[in-house]
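For reference, chains read A, B and C in written order, and residue numbers begin at 1 within each chain.
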Amino acid sequence: MHTLWHQTPNAVWASAGSAEGETELNAFDNALLAAQVGNLNLIRVSSVLPQDATLLETAPQIVPGSLVPTVYSVQVGTRPGQTVAAAVGIGVGEGSHGMIYESHGASRREVEAAVRQMIDEGFARRGLRLKEVIVRSIEHKVERIGCAVAAVVLWWR
Amino acid sequence: MHTLWHQTPNAVWASAGSAEGETELNAFDNALLAAQVGNLNLIRVSSVLPQDATLLETAPQIVPGSLVPTVYSVQVGTRPGQTVAAAVGIGVGEGSHGMIYESHGASRREVEAAVRQMIDEGFARRGLRLKEVIVRSIEHKVERIGCAVAAVVLWWR
Amino acid sequence: MHTLWHQTPNAVWASAGSAEGETELNAFDNALLAAQVGNLNLIRVSSVLPQDATLLETAPQIVPGSLVPTVYSVQVGTRPGQTVAAAVGIGVGEGSHGMIYESHGASRREVEAAVRQMIDEGFARRGLRLKEVIVRSIEHKVERIGCAVAAVVLWWR
């Protein structure tokens, strides 16, 4: 399907993945592949969930090389044995738009807690009611050059 | 109104804001809200003012979650008492396109001077004539975690 | 020509340039001008070559201020005498999409080798066959504030 850049996205898909690579950029690339978004031209956005957007259960079928607005979080590590982690969190609004936050760090526990806290503050500050929270996160133990990625793709259906 | 991504933007709106937050990302988010761009999916661009673009006086009405090309500048501070500042400057061309520059730093005076200097050099280098300069800037004294943001939204009318 | 953001780009153009500037942002801006992409609103993307995309030999004619998806690499230096370098590499797939990688560093030799290595790994990891590699790179000896830029514009024809 073609993108519909002139319209506000009305679907989102959240994912996470991790991998090793020969270089930092390859580790990032391989982690994107593991998260099933490695063949897309990701365009980084910050970070609002359009009202009534559908939460897709499976990866949308997108032609490789398409321009895809995405909220993502990356943590690269080059110290053998260290842990890298990344999380995205979607706060769905009750009768309103929602928010998407990302965190990267040294453990899944830490980054998950961070996105949950950010969702709470983002909703409180906007005076919005939180209906549901979806978190995707990943943790990876570095062998040589490792990367953890979490991503929310904004799309159309 | 829908965006018109397939066309060159023909309107711009400049703004600035600052805020505190529980985390750095929340401080950024809250500063974006203060600047009236916190419910948009900002996509960072560098940094040309299309010819004959209209300079909007008030914030365009945009559906939350829309994909919005934006030049922006961010400065986060985590040292109580420090000052954070951000500026954007629009150089309007006489009979040509113009340029948009951003700066972030430790005082409003510094960041405003920086964007003015960049506009001068950018126009000189291109051999363009400068018709008008618009600067939006903000300065914020950090309490715990503070953020200053200045932004130029590129839009359509 | 108008952009066609709702379609997957079907043409690419690779370029590189370098320049000095009064500030780091101006050096970047001037290097973009030297690379013939300085009057565009670049939107950074990562980094897939759509299948059957045409490799343009000359810069596409694009209205100043247009929103242009671009893979780019930047290296700024502020130490007189140091060398800055940037490269982009396009790996064209045999019967499939391809990949675009970027590298920045201290010499042309280093950054060219890096993008070639990343292309090899990116193709191997995806199980794709490499048909052709195109590299654009640049090296610049810093006088005061210098910048090297390499870019691949994704476009439509």
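Here are a few things to note about the model shown:
Convention: a contact is a pair of C-beta atoms (placed from the backbone, for glycine too) under 8 Å apart; a residue touches a chain by one contact, two chains touch by 3 or more.
Worth saying up front: this structure is predicted, and the values here are computed from it rather than measured.
The pairing of chain A with chain B is characterised as different-residue: of all residue numbers used at this interface, under half are used by both copies. Per the C-alpha superposition, chain A sits rotated 120 degrees relative to chain C, a value rounded to a multiple of 5. Averaging Cα coordinates per chain places chain A and chain B 25 Å apart. The multi-chain contact residues of chain B, meaning those touching 2 or more other chains, are 5-6, 43-44. Per the touch definition, chain B reaches chain A in the complex via residues 2-6, 21-23, 25-26, 29-30, 32-33, 38-44, 63-67. Every residue of chain A that touches chain B in the complex is listed here, in rising order: 5-9, 43-51, 53, 69, 96-97, 99, 101-103, 114, 117-118, 121-122, 125-126, 154.
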